[in-house]
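Shared between the two complexes below is chain A, which pairs with chain B and chain C, respectively.
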Partner chain A sequence: MTSTPTDVRRSPAPTLVTSRERRKKKPPSLKRARTFYLFVAPWVLGFVGLTVFPLGYAFWLSLTDSDGLSPRTHFVGFDNYLEVFRDPLTLSSLGRTGLFALITVPLSILAGLLLAVMLNQPIRGRGLLRGLIYLPAVVPPVGAALTFRLIFDRDAGAANGILSGLGSNPITWLVDPNVRYVLYALVLWGCGGSMIISLAGLQDIPKELQEAALVDGASYWQSFTRITVPLLSPVILFQVITGIIGSLQSFAPLLLSSGTLSGAGTVPQGNYLYMIHVFAQYFSAARFGYASAMLWLLFGVILLVTLVILKVSARTVFYTVEPEGRR
Partner chain B sequence: MTTTTPGLSRRRFLAIGGAVAASTAGGALAVGCSPASSTNTPVATGSGSSAKGVVTVMSQAGEFGPKEAKAASQTLGLTVKTVEYDLTKLTAMLASGNPPDVVRGMGATDTPYLAARQVAEDLDPYFAKSSLIKADDIDPVNDLWRFDGQKQGAGPRYGFAKDYSQDAMLWYNSALFDAAKVAHPSSAEPLPFDELLDLGQRLTKRQGAKVSVYGLNPNGLSVFITLCGMTASAGGKVLADDLASVDLSSPEALRAVTWYLDYAKAGIGPTVLNPDPNGWDGPTFQAGRMAIATDGYWFGGLFGTDAKNAKLAHLLPAPQFGTGQRISPCYGATGLWMPKAGKNKDAAWAVMEWFLAGAPAKARAAGGWGIPPLKSLQKLMPQTQPFQKEAYQVQMAEQKHFSVMSFTPFARLDAIDGIIGRELPKAIKGTSSAAQFADAVTKQVNEQLADGKKRLR
Partner chain C sequence: MNRSYRWALYVVLLAVVLVMLSPIVWLVSTSLKSPAEMASFPPTWWPAHPRLANYSEAVSKVNFVGAAQNSLAIALISTTLTTLSSAWVGFGFARLTAPGKKQLFVILLATMMLPGIVTLVPTYLIFAKLHMVNTYWPWVAWGLGGSAFLIFLFRQFFAGIPRELEEAAIIDGCGYIRIFWRIFLPQSWPVIAASVILSFTHAWGDFVGPAMFLSQDSTTLAVAMASGYVNSQGLPLNNLVAAGAVLYVLPVLLLFLFMQRRFVSGFTTSGIK
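The block that comes next holds the complex of A and B.
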């Protein structure tokens, strides 16, 4: 009698695995990697298609004399880059932009920090105050710039209305040399954004440290400078870097608060910063190649400034968690 | 009818890529590069043509807005969309190879630039077959939309004026003259520029240091063009015959520059140092805050429905330097053109033709909004109200002195005005003289023109 197939007791599976089976049984780490790449693929594709490739194309443009319209485009090598260093208007606007960043970034951070410290105290209505101060930061830059333009108009603006009520002569706010002060005011008006970041940083600082310092006899100022500021330094570093990048790229508020959309040529000299000059080169002078070279130069400047700040900050910024993840 | 719709070619893809690149690097600027070429074969159509599809018109809301788009759609059986005119947006759209089908433009200053770069479509074949626009009905002002590669006024027609004016003419507010006890100027004889400046000073009203009434605004459409017109009145010219260089340091041009600086220093009207917050003369004049405005006949369209100002507004001839050569130029000849890279040209032409010669053109003519660019429509210019009758007579007398000035194909007007805008404050404040201002502008504009010429090689 022969046993039916169901009766057959199979021996344990052989240890030899075919290549097909090997393909089926992937190590868990590889599976995870595949899932990871699948999930990040949309972003990677977008990044390559909408950032890397266009940046490369803009670099190619910067090597040409393209005007964006003409069918005649000539390769000019690095002429545009060399011209950037010869063009007095480019250099002066870059210098003016640097000065703008040097003034507005610290002022904005300090104002934000001061407000954050004040509104971190247990005072009545602080939620409302926080909201009110943060409100300008959520107003679109275009709206803010146009509002400032109306406020500081020479003949019809509220600022001169108040001044004339006090018996003072009207001031031409929107032309040189006063126009830069209007711009600084516009930037500082939005310091609620900086306040919110500093406030978040302040609330992350353990209260015990400050209380211990006070018990040990430290004054409030000592506690602030020796404990609060060091613990807040990564937050300040973040604000410095993002603030400088934003300042170097400032554009819409400048154009709208003191010039007109019809052209960058209407922006007063005091507000004629680098991006306004880039705009003028693109759309008034139709020098796409040169303007692209200017943008690449700006990218280089931003990269350099950021690297320098990061290098310098290594000695001054205090991390409770090391950047590499070590405690 | 042959109309091809180009797909996403390699070149166009690259161009769009460039646009995105620049906006990434610049944060706000969308640019790109694409030659505006097309394989379309122009085929003319009349109104009520069989042209179909979507037509995008880039214009100003007050000229060709949603209301006009709806009317065009209903009349022509097309879908017409509008985009608000914006040079930045237009440049980006042209550069990315995705332009509007019909675009607003100033024939006087745009035509050479667009034609030299082969951006604008040659409309001659369309005009040749038009049922609404006949060759012998076309007003000579439309020649500003022609360019043969060397000079303006000859060669293919790249666009057509919707209306035009002799833009150096003046409008004055008689109530402000009466209030200042200043006699009304003659509408038969042009004011000498020196007298105009004097009038401006006498008519300016101040409250402390604040100007409540501008005595005069001579700026017109652009400071550079204004200086060109004034120089021509002084018997000279700013732009060289080859359109490749300018000279603001000639005695005639310096006369114009000096006059303008005297005006600006007097603080009697809008300048780059004290811009009119309204951005243009219309609201300021209507509010009784501008005594004399440099705006041509079209400005009268504002008062057709403004009973108060209709009693106060009067048109005057263009002021002169009194050199014996009386000129009265057209600085704009604003109208429509068609990008060469447009995708639906037959339909675009149908819309253009309707707007330029159909019902809207008749309505514009009857409303007093500029002189119709078709002779047959000029009889519709309004003469019902007293101010309209007076303006019509002044305008008809002025037509004898009509003149045009060629513009350069090597730079945009914005770029030249940008240079002037940078140099003017120093000259107005007195830190640079009129001669220094003229030299600085001449040098920088010539550099721009040389660069533009090099790129067109």
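The block that comes next holds the complex of A and C.
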């Protein structure tokens, strides 16, 4: 690496060689390029038709007063975006969703990490234990939500059964203000997914590093915080980002209460997350323009949060291999 | 690791397993309770006389067979098309070059972070205009578009196959489409297995998609489960909810158990080759 790219461009000889080569190779490489486009075409068409176009359409709708039914819609400019600040339910549900992410994402990652560390020890039957702890993460969302509805049922549920055994009065779990704890419990039940990702990360850490630290007199805790956690930080960052994106879009409260999109308005206040409000505006109130503005707002928030996390974490995340694959 | 430490570890892990499995046990227990037991407080932990009739009632109360057929059809369409399309696109990214490839690949990776549910509602409005709501066409479209994550998985696998294989085929007069079908795809079945399991589980578990794109009488099990089991006053019949949920969750759990062995055998065979 003695010459910079500009040097190469200035010197005439290499340019001649590449152009001659290009002329020689042109027919097959053009054919190859066409074959490449043929192969990636399904995804490109899907990306344009199912992502770019719907997002653009939603943006156009967000500038109108469309209700999806009447043929005449009016252009209202950015009124729908200003409406966000006038609608107390939008801001409160956004705040509630932020709190939901702030509580459940760290808890799930931490629980998954602890389980992964324990199940990375050389103990008998760990394959079976891993499988059993991971099992709830494969249960489909509807099945999981129904199961938690049954556990936290006021009269026939196991939670109140245990409480009455302890001499306590039954609690109405599925209404305010307790319903949020049922939601947190439901999310935590699936922490096996986080465990599997952390476990894969742990297995990539060379054992010699931790052993060397122990030989040098470090405690288990020091070896964990100084070696394991830094080496695992890219995996943790990945989980933080995907976890937050997932929680901001969560509609699980819908399954915990009504189970229909048109029943979105009946979700108890404590679980009234942002997506629930979006569904209520779309399917109960038919305010397509306003709901589209809400979706674009969420899209913007997610982009912003992702960029901020990437920026803030840039100094704390430790890569042994650089993200681009260079060592 | 000393002995008391090992014991403590076992105790903690077994407690976690117990906590993780207890909701499933409660689901099964509830699915076997009689209406009288459902009404008693405090609840019975395990029904004295397990009532298997709940299962036949759960199947007849909602259009269980019809909904199961819809679930299966959607899952099969999604799984087949997503897997084939993702393998096809992944092959392109792994073995071919053209201007713009790098940029396209970066976009592909970025879409993995894109909030999927944000595009779902506008997609619904577009498909409604095209009269594709209440048909399986949306799932065909999603399937053909492939999944960014699976494309990435196939790309990684195909990129690891030695170039000589491809070159020998080209000398024999093979085109890239034939190379993909005859040489690369048949080798990639560990990735195919992973893709099949992931896309099947996702399609079977999806709630918002079918709830939006299909009408109540042609919908999937996920939607029927969430809203179907109510009495004439609109109150949930929880023992039937539980029985239906057991039947709904079971295929995915079986697939998961089956998959574990399948993965292991997949890796051993590819190791022998």
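Assume the second predicted complex is superposed on the first by the 283 of 327 C-alpha atoms of A that agree within 3 Å, B and C clash if a C-alpha of one lies under 4 Å from a C-alpha of the other, contacts with A are read in each partner's own complex, and residues count from 1 in each chain.
Keep this in mind: a residue touches a chain if its C-beta (ideal position, glycine included) is under 8 Å from a C-beta of that chain, and two chains touch if they have at least 3 such contacts.
Source: prediction; values computed, not measured.
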item: Simultaneous placement of chain C and chain B on chain A, clash or fit; value: clash
item: Partner chain(s) touched by A:Arg180 [first = chain B, second = chain C, both, neither]; value: neither
item: Chain B versus chain C as contact partner of A:Ser164, first or second or both or neither; value: both
item: When both partners are placed on the shared chain, which of chain B and chain C touches more of chain A; value: C
item: Chain B versus chain C as contact partner of A:Phe251, first or second or both or neither; value: both
item: Partner chain in contact with A:Leu61 - chain B first, chain C second, else both or neither; value: both
item: Touching partner for A:Asp155 - first (chain B), second (chain C), both, neither; value: both
item: Contacts of A:Pro268 with chain B and chain C, given as first, second, both or neither; value: first
item: First, second, both or neither for A:His74, with chain B first and chain C second; value: first
item: First (chain B), second (chain C), both or neither touched by A:Ala280; value: first
item: Touching partner for A:Arg96 - first (chain B), second (chain C), both, neither; value: neither
item: Residues on chain A lying within both footprints (that of chain B and that of chain C); value: 50-51, 53-55, 57-58, 61, 68, 150, 153, 155-156, 160, 164, 170, 249, 251, 260-261, 275, 278, 282, 288, 291-292, 295, 298-299
item: Chain A-touching residues of chain B, taken from the complex the two chains share; value: 14, 17-22, 24-29, 31-37, 86-88, 91, 94-95, 116-119, 208-212, 272-275, 277, 279, 411-412, 414-415, 417-422, 425, 448, 451-452, 454-457
item: Residues on chain A engaged by chain B in the complex (per definition of touch); value: 50-51, 53-58, 61, 64-74, 150, 153-156, 160, 164, 169-170, 172, 174-176, 249, 251-252, 260-266, 268-269, 272, 275, 278-280, 282-288, 291-292, 295-296, 298-299
item: Contact footprint of chain A on chain C as seen in their complex; value: 1, 6, 9-10, 12-13, 16-17, 20-24, 26-27, 30, 33, 38-39, 41-43, 45, 85, 88-89, 91-93, 96-99, 101, 104, 107-108, 111, 113-119, 121-123, 125-126, 128, 141-142, 144-146, 148, 151, 175-176, 180, 201, 204-205, 207-208, 211-212, 222-223, 225-227, 236, 238, 241-242, 245, 248-249, 252-253, 256, 260
item: Contacting residues of chain A [partner chain C, same complex]; value: 29, 32-40, 42-47, 49-51, 53-55, 57-58, 61, 68, 115, 118-119, 121-123, 129, 131-133, 135-136, 138-151, 153, 155-158, 160-161, 164-165, 170, 189, 192, 241-242, 245, 248-249, 251, 255, 258-261, 275, 278, 282, 288, 291-292, 295, 298-299, 302, 306
